[in-house]
């Protein structure tokens, strides 16, 4: 941990000494650098508790600047090579893109089975589908809950697709983890630290979505919660940030891909469906995500979007998804990645 | 619930009929309005499940426009008069401003007692102080937990101040509710719906903070979760939103005060300490909050901010808080509000 | 122009009549739709002066909703097919991507010639380079001005590359237009309407960059200024928006590509260099831009970025640009686009 | 000018030397500080051309950190006392608040005279009113232009109110400056540097509005353009920033008041009308602005807002403005400021 404390131009000697003393008392070693009549104090030490902002209120301090990154286990400095996550035998973060497709919510056996078969046929190896749905309104459809989990378990038995489904709280974590091959922690729960701690105590892979206005560093710090508790199986997901733009629901931030790849060894996938939030933009953003270097895609597919109980407006029909997969295959090849083969469903 | 579905200029008759049919099948009554060759369909009905965006993917639909507000129990249309919340005998939302002051975190008996006595002397009737602290880093100080709650219980016994303290998760809700006169749900948990449901099942007053990038409507919808479960004792809190500005930590959004007052009957207070996030801006923002019409203030005070384990850089020293209270008193009077009298501490 | 005026639930008959009368007096035809006791008034007419917000202050009005888009000549409804812009014989908006590359600022004959030859060799057909540079600080390098224009004219003579260079104000517009094959109007000037009007009176193609926090509709309205004055030769450019993210300078918003393609017939290119603002993210964002459907790229290349007088930190060296062009070629092919051939420079 | 260059943990000796050499060649003196195996280079010197980001692309550099502020003449370090600006005999930035009120646009003699008399009677000493209006749409009303200026000149003769009116471009600057006692440069032109330079060559006071997504530092840098050209008569204006909130048009950022007061000696006023953008929030935000420490207010008043040709939805009627002035007077007194007396109009 390295930090700089920049003193004000006319800070007194007593103020400088007070800062030094406080740093030393916290176990830091300290170096003082006078530049042009202004003192900068460099502090280094092996302590996790330092918050650079604590120093901002000390007399004579102008600013404090953290030099080290606040994350450790998720950082490239901790681990140089890309991490591959094994999800019930399938790899996320390898050469093959992880294609996770399916409905926003599990609604019925017919819906989930038809959609599952369609996405499998198109080459997806993972089925997404929510049984517990966090909703802005207490009056909105909140998912089929335990019944939804049972449908997912059954559709996995029939199709062999790996299951990715969201967990909403600590109370239902274990029952979700029994069915899910990868547990999704949604954007609204990215800073639900109690849930992160509980999921960190499991070893089930976690798909961690970026909060709607979270910085990339905050996303990595939330992943750090999982790794710090021992769960190394974390896949990050960029799913759109909030901006001023009214023509889209969210703004998919593909800039996060190269930034995360530079800072962290963890795989990162892209959710173009929530990311742009309007179905006729999903294909463009999916292709762009692959070209940007994402390790996979999370795409909403519904056999009848106009009847979907949630987010139908951003879902693709199975035939559109199939066409999109053909384009994804071509862009993937252009950036030296592969996509699972399409399967004859008969 | 009223909604408009605007069809595209050249939508076919079949597309219009498909929309009508879907609305009718959901229990809406429907009116069709052709304007300049473009059809708008008005739908009205008493159904909570409608999500206007579900219709966006239907053929020929250009946009859907919700006319009714999505909230009910928190709305001015539901209740015209301002609601007053009784917190262990003290009123929030009346003529007297609720002044809630104290440290970010409870750190020790000396710290909490000294600060409590100081804020009481200056006229505050509520003590804030966190025992459970959500922190971005898993390595940061997370609060004294149960020990912190015990200190709060004791300081209430000694000073008589009402206790406002944060709850982080459902698991610790009951133990927090035993000590807290008002339970704080923090910005990071504003969309933690499982926690909102659990707190909605209690009758303890809840101080609900706005999420860092939440819209005002989303804040009201989270309050709706509490009221829908039966807990009517909700105080809203504006605590700063995220913007581009690097000279402050957050941007206190005082615009939320007149907007909430128009839309809702619930009281709203302001947290200038987190709101601007730098101690030398707290006083200005506190006075501005009162002038804007807030029902109270949540202010960080620490007897020695430079030694605070969290957020010391935005805390006021007791003597600065006392001076500020004198100014608050004058601005309050100018807008026809009052503030508790200062007390001789001996 | 179609607009809806939604009255409040208990608006009086007199209030409804006052709104109707005002609409009629402005030349609109009016239809009144009572839904569930609440009146909505639909107004349609052929008038450009209506601002829906004018009605917001009339008694009894709850909200006004514009149904028509505010732009005309730039819209897909005005012109269905994609527009191709001819820039001194080269097409922008056709199957071949327009690759515009070069330094941020023109600094010297050696710099501009070396960079120009390098980008030409790699397959670019357009040279970018600023002679007039808007800078946040009055003390920063503001470009070589007339001398820079002279260098651009000469480098065009030598290499045959088409020149794209920025105009800063009306006063220098004509001299810029004499040298530029396409005039760039930068992000800071997107809402400089006097400059837009003057550029609209020319017929030189204009590259119009999106303002740093402009909505897509505002970008299109600024283009409308150009078309309304008679200059149909407009190429839009997405160049990054301002968000909270500190790891990048800007956030390239590729969502704008499918949205603009849906709303407008004008070509749109992407500037990944400013867009993400850190050189090691430029390649990912360039490839993503192509995959998203952009009609071209604007890329900063400098033969020695560490000595650049502006924006060196986001420039690519010629050899990195050459490698990138090979990847662009492959992604372009995957989405059925082409890129100019690389040229042997001897 | 002081800057830190932080090298990467394993930067080579050659990379460190290259950075040092480049800094020395630019005239900086340099100090090297090894901390925990990581080198930080402190550079100081008296050069205006340094852009810290230029160094970001040098090998081995991790980050560069400007320590000095980029502004000079506008800074508190340059001038400790508050600056008072004299506007035709009236002071802005003194104990008395500058109240500037009037219509968004000048529309007719009756409108401007009636409004002027009303605001004078309520105690305002400045009349606002636009003759040249920048508008997002080329089809919207753009002001009465020269005719509007003539009406303003005449209304000043009749009422004695000081005139504040907006300039849109360099071409009309001189004619605006002949009528205006204070020239307004609007939010859209805050980064129109050619206009700032031209206005900097005058000595007429300038009211400089913050751009809709400008940081406070960018606002100060634009003011620096004016002062650097010799015009010391600059009043800053906070007028609302763009956020996600749909219930208001803009979000008035009162946090800017204490921040500007700390960083700069220039006066700053608040525009609550544009700032929140809905008329029923204007009063709250005006009072809050005064309590926050603003040096004045810019308020839209129109004798018949529902007939206003622009921004009627955020204008106050004269009688509401008069009531508001009484409240402003009380809040001003509470923070030790004064407001001009109301005048009997007969």
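The first chain written gets the first letter, and so on, giving A, B, C and D; residue counts start at 1 in each chain.
Simple rule for what comes next: contacts are C-beta pairs under 8 Å (C-beta built on N, C-alpha and C of every residue); 3 or more make two chains touch, one makes a residue touch a chain.
Just so it is clear, the model here is predicted, and its values are computed rather than measured.
Chemist: Would you mind naming the chains that touch chain A and likewise touch chain B?
Modeler: Intersection of chain A and chain B contact lists gives C, D.
Chemist: If you average the Cα atoms per chain, which one ends up farthest from chain B?
Modeler: When every chain centre is compared against chain B, the largest gap points to C.
Chemist: CA centre of chain C versus CA centre of chain D: separation in Å?
Modeler: From the centre of chain C to the centre of chain D is 27 Å.
Chemist: How many angstrom lie between the centres of chain B and chain D, each centre taken as the mean Cα position?
Modeler: 31
Chemist: Can you check how far apart chain A and chain D are, centre to centre, with Cα atoms defining each centre and the answer in Å?
Modeler: The computed centroid separation for chain A versus chain D comes out at 39 Å.
Chemist: What residues in chain C touch two or more of the other chains?
Modeler: Those would be 213, 242-244.
Chemist: In their complex, what parts of chain D are in touch with chain B?
Modeler: Residue positions touching the partner: 213, 215-217, 241, 243-248, 251-255, 257-259, 262-263, 275-276, 280-281, 283-285, 287-293, 327, 330-331, 333-335.
Chemist: Which stretch or stretches of chain D touch chain A in the complex?
Modeler: 2, 4, 6, 9, 31, 33, 35-36, 38, 40, 42, 44, 63, 65, 67, 77, 242-244
Chemist: What does chain C use to touch chain D in their complex?
Modeler: 22, 48-49, 51, 53-58, 70, 134-141, 168-171, 188-189, 191-195, 212-213, 218, 221, 224-225, 228-229, 242, 249, 278-279, 305-306, 308-315
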